[in-house]
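Next up: the structures, one after another.
In what follows, chain A forms one complex with chain B and a second complex with chain C.
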Partner chain A sequence: MLKIAKERLNELYAKISETMGLFIPVNYAGEVNYKVWKEGAEVSLETLKTVKSPKNMFFPQTENMMKFKTEGKNIEIIDVRKDYKEEKPFVLFGVKACDYKAIEVLDKVFLAEPVDTYYQSRREATTIVTLACSKPEESCFCGVFGIDATAPQGDVTTWLDGEYLYWQANTEKGEALTALITALTEEGGEETVAGQRETTKAVLENLPFAKLDLSRFTPENLNDLFEAKEWEEMSEACLGCGTCTFVCPTCQCFDIRDFKTNEGVIRYRCWDSCMYSDFTLMAHGNSRTTQMQRFRQRFMHKLVYYPSQNDGLYSCVGCGRCVNKCPQRLNIVKVVKTLGGKKDD
Partner chain B sequence: MIDETLIPKVGVITDIRKDTPDVKTFRVVGTDGKKLFQHMPGQCAMVSVPGVGECMFSITSSPTNEEYMEFSIKKCGCVTEVIHAMEVGQQITVRGPYGKNFPVEEDFKGKDLLFIAGGIGLAPLRSVINYVRHYRENYGKVVIVYGARSKDDLVDIEEIQTEWVNEPNTEVYLTIDRPQEGWDGHVGFVPSYVKELGLDPNMTAVLCGPPIMIKFTLQGLLELGFDKSRVYTTLELRMKCGVGKCGRCNVGDKFVCKDGPVFRMTELDELPDEY
Partner chain C sequence: MKDVELKMLERAKALLESGEVARVIGWKKGDFCHDPSPASFESVEELDSFVYDYFCGANLSKYLIQMSKKEGKTAVFLKPCDSYSFNQLVKEHRIKRENVYVIAVECLGKLDIEKIKAKGVSFVTGVEVQDKEVKVTTPYGEEVLSKPDVVLTKCATCNKTHQVKDEEIILHERPERDVNRFEEVEKLEAMTEDERFAYWRAQLSKCIRCNACRNVCPACSCVKCVFDNPASGIAAKANDDKFEEQLFHIIRAFHVAGRCTDCGECSRVCPQNIPLHLLNRKFIKDIDGLYGEYQAGETDEGKTPLTSYTEGDAEPNDVFKGEAK
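Showing the complex of A and B:
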């Protein structure tokens, strides 16, 4: 294990930025989000939850996919994809265990055949440096999904305390990044890290949502859960604002739209939300006409449909962003508490 | 260039046929004059008009047609309205094929087949019916029941009346909803006609049409003794990507674009009722 003195972290960022794009949690106008590091950036590794998850590194909120030039009856299609590996690889720095697990959830969608090459090219060009949690908050429940917040994976795993950033490469990409910054490192830190992990684990075990029971969310119960009368009451206050889907690290529904410009038509994709009324709207009707149906879709997808398609992997990682951000205080925790455990009757 | 499924190919409209007051059939080839890609009966393609939008349509021509693809398109929304205004020579974009096809090489082989269509529901069935006609010796008896609002709303009526009715070991039954001058055929809705015909319940059935027609026709078939595991239909939901990623056409643990659009009735029974 290696360690880097905290006061030298800016040198570390500068060194990485010489050859790669460095995306790191930065405090900007009172919000911490992943941004490109620049000299003078107010990096905030200590912030547990960035407002938006790092999913937009691979799956941007909006992204141009192709361009069309039309002349008379003719159409020319222009491929606008970039080769990020050749251009400038990225380092995604400071990813927490929940958000890292969420990338695995997204991979199963975008890298499944036929591979989404927009996502893939960014994903392959990225080296992920994770950061273990040491101060989990009350809204955290990653442990419920079997995630160890004290030892996330990734190309490099790091731990932070008052004096040092501890550094451990896990993959070839991680080794390559380590080679780049060796001059800033010194050996050691195993005991400190082990100690920090023990302390944090004790906190994690006693978090208010640590004991959520997911046992009823199985493919066999799909129709029973779908028909549950509780959805009506649970969804009653939902405004359909879509905030939960936008801050969610695993939500990946998207829209594809065309935009007319002076230089032709740009086809782009953007995040969309199953909470919106026109998400399923067709010329001849809508398969989900009520907010209850849309609300139910989101949670059924995360807790039953997605796991049923992906060997039991849930499409929730317990980051707790929806718990903090829903204006109506609705969230997946309430759904799990209401429907997740064994039924008494 | 890396192959990316979301990037379409350019297609050229080489022929437009007006089938009914609101359905036109468009013949499409690539810019090189050749067929854009191979498909199987029941599969779909994403057709787009740049600047307007992209929609999923079933490929109505049979895969055995080596020269071109055809799409029978009903004018009912913003994209289809623009497509309907197009002229021969106009380019559009096409990508696909998407979805699971009818099991023509598996479960259908050697079986007596019953095709039941309502209105524009004939579009996906035309592909499989013509496929079966091409490999006629591989299949048993073929019965086709097709209904529409009026005689003017029967899609592909020319092909049906000049070719399908003359096919050996094939019965074609047409019906329209209400009596009409110049129509001496059957009058009545498809579900009740199906019951009247007293069809052999050992046939493998394929239903395609508006949801209400499918619902009542299926009921009728079950009363006649048909087995749900040998009744197929197609679903249609909003789609954007066509490859099970954008999330729109998700029902239960299935995506209609990828796991459908062809479903066995027994598969639909396992899905939540939200399609």
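Showing the complex of A and C:
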């Protein structure tokens, strides 16, 4: 275990930024989100939950996929894909355990055949430095999904304690990053981290949502859950906005559209939300016509459909962003409690 | 507040039991003391989860667009600020007034859990409000916070009173306060153009285009928003960092100008805490200056400054220069 003095963290960021892009939680205009580090950036590693998760480092909210140039009957297709590994590798710094687990959920979608090469290019070019949680809050429930917030994986795992950032490389990429910053590190010792982990674990075990019961959310119960009459009541106050889906670290749906410019057409993709009325709109119309159906889709996907296709892995990681951010205070926890508590008839 | 809640519950029960109404719109308890959700209650049993407390900030008026079209009458609890939205929606023929029974309910300002957490107080299990103090209970003990620091932004400068009621439940009067809701707008007006541009550029760059502001807004009641309609040619889901894209908020503020009642829901729901209400307030302030003081939602009928013409109206040139008459 190595450690870096807190007052030298800016040197660390500057060193990494010399050769790589560094994405890190930055306080900007009053809110903390992942941004490219620049000299003078107000880094906030202490912030437990960035508003947006780091998923848009790999899966940007809006991204151009290709361009078409038309001249008469000729159409030239311009590939705008970048090889980030060659061009500019980057470091994603300060990722919490829940958000790291969320990347695993996304990988199963984007890296499965046929591989999403846009996502893959960024993913391979990234070294992920995770940061253990020491002050979980009441909306956190990552433990329910078997996540240990005190020891996230990643290429490097770090712990912030007292005057130091403790540093442990886990992979080859992590070792390479460690070699780059070796002038800033010193021997760390294990006790501080072990102590912090123990204290945090005690807090985690007693969180209000620590005992959420997911046992009813299995493929066998798909029909019963789908038909549950409670969906109507649970979704009644839903505004149909996309807040929950856009702050969610595992929501992965996107739309692809063309944008006409003077020089031709740009084909782009952007995040979509199953809460929106034109989500999955097809030529024949829309398969889900009410907000209740859209609401149900979101939670059935996270708790039943996705796990049934991915060896039981839920596509919720308990980050609690939807708990904090839903304008009308609807969220996955309320769904789990309402449907999960019901015994099979 | 508990006494008010009990009184409300009593009335809700009576209205449902007698069959006078088919449903009651209010708030139901959440998992914590600070996360109630808007809800409709159709039976006395369902009222078990009814709640009215310092976290019931959500405006219920917009739900009545749907609810007032259902069979049977709908009773609704409206706070002073909600009552303006209600009137405005009736005026726009979006709510069927005859199908709604309005119970005006007192409000002494609602609390913002995010602001409480920002003070370093988490795991809140209860709050007690006394005058200008908020006593917060947590497993680690009690904290006393200053109420003006932790109320919802929309409540900080509110002096609104009920504009519509079929009956009222008001057990504690809220005294009229000496507050200026245009203070923040005036600060922005005092900036140079470059400073103001930089301010909005920074704020709007946080937008994630989740549309929570639009969807919660009682003035945004189009059945199908142009931005959701693929056939409109301007459907926009992309969140572009270019300022042109961020004009969405400014255009939306223009679109609701003259109809916005300043209910402040846009800023309450913004996940990035963009002070969207300041755009609306700027327009309200300008309308006041150009056409004389006007408050949307004060009545449910009559002409409005931007939809009627008088010879004394401001000249386009005055508007362009942003000058008041």
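Quick note on the criterion: the second predicted complex is superposed on the first by the 340 of 345 C-alpha atoms of A that agree within 3 Å, B and C clash if a C-alpha of one lies under 4 Å from a C-alpha of the other, contacts with A are read in each partner's own complex, and residues count from 1 in each chain.
The rule is simple: a contact is a pair of C-beta atoms (placed from the backbone, for glycine too) under 8 Å apart; a residue touches a chain by one contact, two chains touch by 3 or more.
Small disclaimer: the values here were computed from a predicted structure and weren't measured.
Engineer: Record, for the superposition on chain A, whether partners chain B and chain C clash or fit.
Structural biologist: Superposition result for chain B and chain C: fit.
Engineer: Would you check which partner chain A:328 touches, where first means chain B only, second means chain C only, and both and neither mean what they say?
Structural biologist: It touches chain C, and chain B stays clear.
Engineer: Just checking: does A:137 make contact with chain B only, chain C only, both, or neither of them? Give me first, second, both or neither.
Structural biologist: second
Engineer: Contact-wise, after the overlay, does A:272 reach chain B, chain C, both or neither (first, second, both, neither)?
Structural biologist: both
Engineer: According to the stated criteria, A:287 is in contact with first (chain B), second (chain C), both, or neither; which is it?
Structural biologist: So A:287 only meets chain B here.
Engineer: Quick one: classify A:255 as touching chain B (first), chain C (second), both or neither.
Structural biologist: Both partners, chain B and chain C.
Engineer: A:219 in the overlay: touching chain B, chain C, both, or neither? Say first, second, both or neither.
Structural biologist: Only chain B is touched by A:219; chain C is not.
Engineer: Just to be sure I read the superposition right, which of the two partners does A:19 touch: chain B = first, chain C = second, or both, or neither?
Structural biologist: neither
Engineer: Which partner does A:117 reach: the first (chain B), the second (chain C), both, or neither?
Structural biologist: Once the two structures are laid over each other on A, A:117 reaches chain B alone.
Engineer: Looking at the superposed set of three chains, what is the minimum CA distance between chain B and chain C in Å?
Structural biologist: Distance of closest C-alpha approach: 8 Å.
Engineer: So which bits of chain A does chain B touch that chain C touches too?
Structural biologist: After superposing on chain A, chain A residues 255, 257, 272, 281 contact both chain B and chain C.
Engineer: Residues of chain B touching chain A in their complex?
Structural biologist: Of all residues in chain B, those touching chain A are 1-10, 50-54, 76-78, 80, 87, 89-93, 236-238, 240-241, 243-248, 250-253, 270, 272, 274-275.
Engineer: For the complex, give me every residue of chain A touching chain C.
Structural biologist: Of all residues in chain A, those touching chain C are 28-31, 33, 51-52, 61-62, 137-138, 208-209, 233, 236-237, 239-243, 245-247, 255, 257, 259, 268, 270-273, 276-278, 281, 323-325, 327-330, 333-334, 337.
Engineer: Can you list the chain A residues touching chain B in their complex?
Structural biologist: Contact set of chain A toward chain B: 65-66, 68, 70, 73-77, 79, 81, 109-110, 112, 114, 116-118, 219, 222-223, 226-227, 252-258, 260, 264-265, 267, 272, 274, 279-284, 287-288, 293, 297, 300-301, 304-305, 308-309.
Engineer: Which part of chain C faces chain A closely enough to touch in the complex?
Structural biologist: Per the touch definition, chain C meets chain A at residues 30-32, 35-40, 58, 63, 114, 117, 122-124, 202-203, 205-206, 208-212, 214-216, 224, 228-230, 235, 237-240, 265, 268-269, 271-273.
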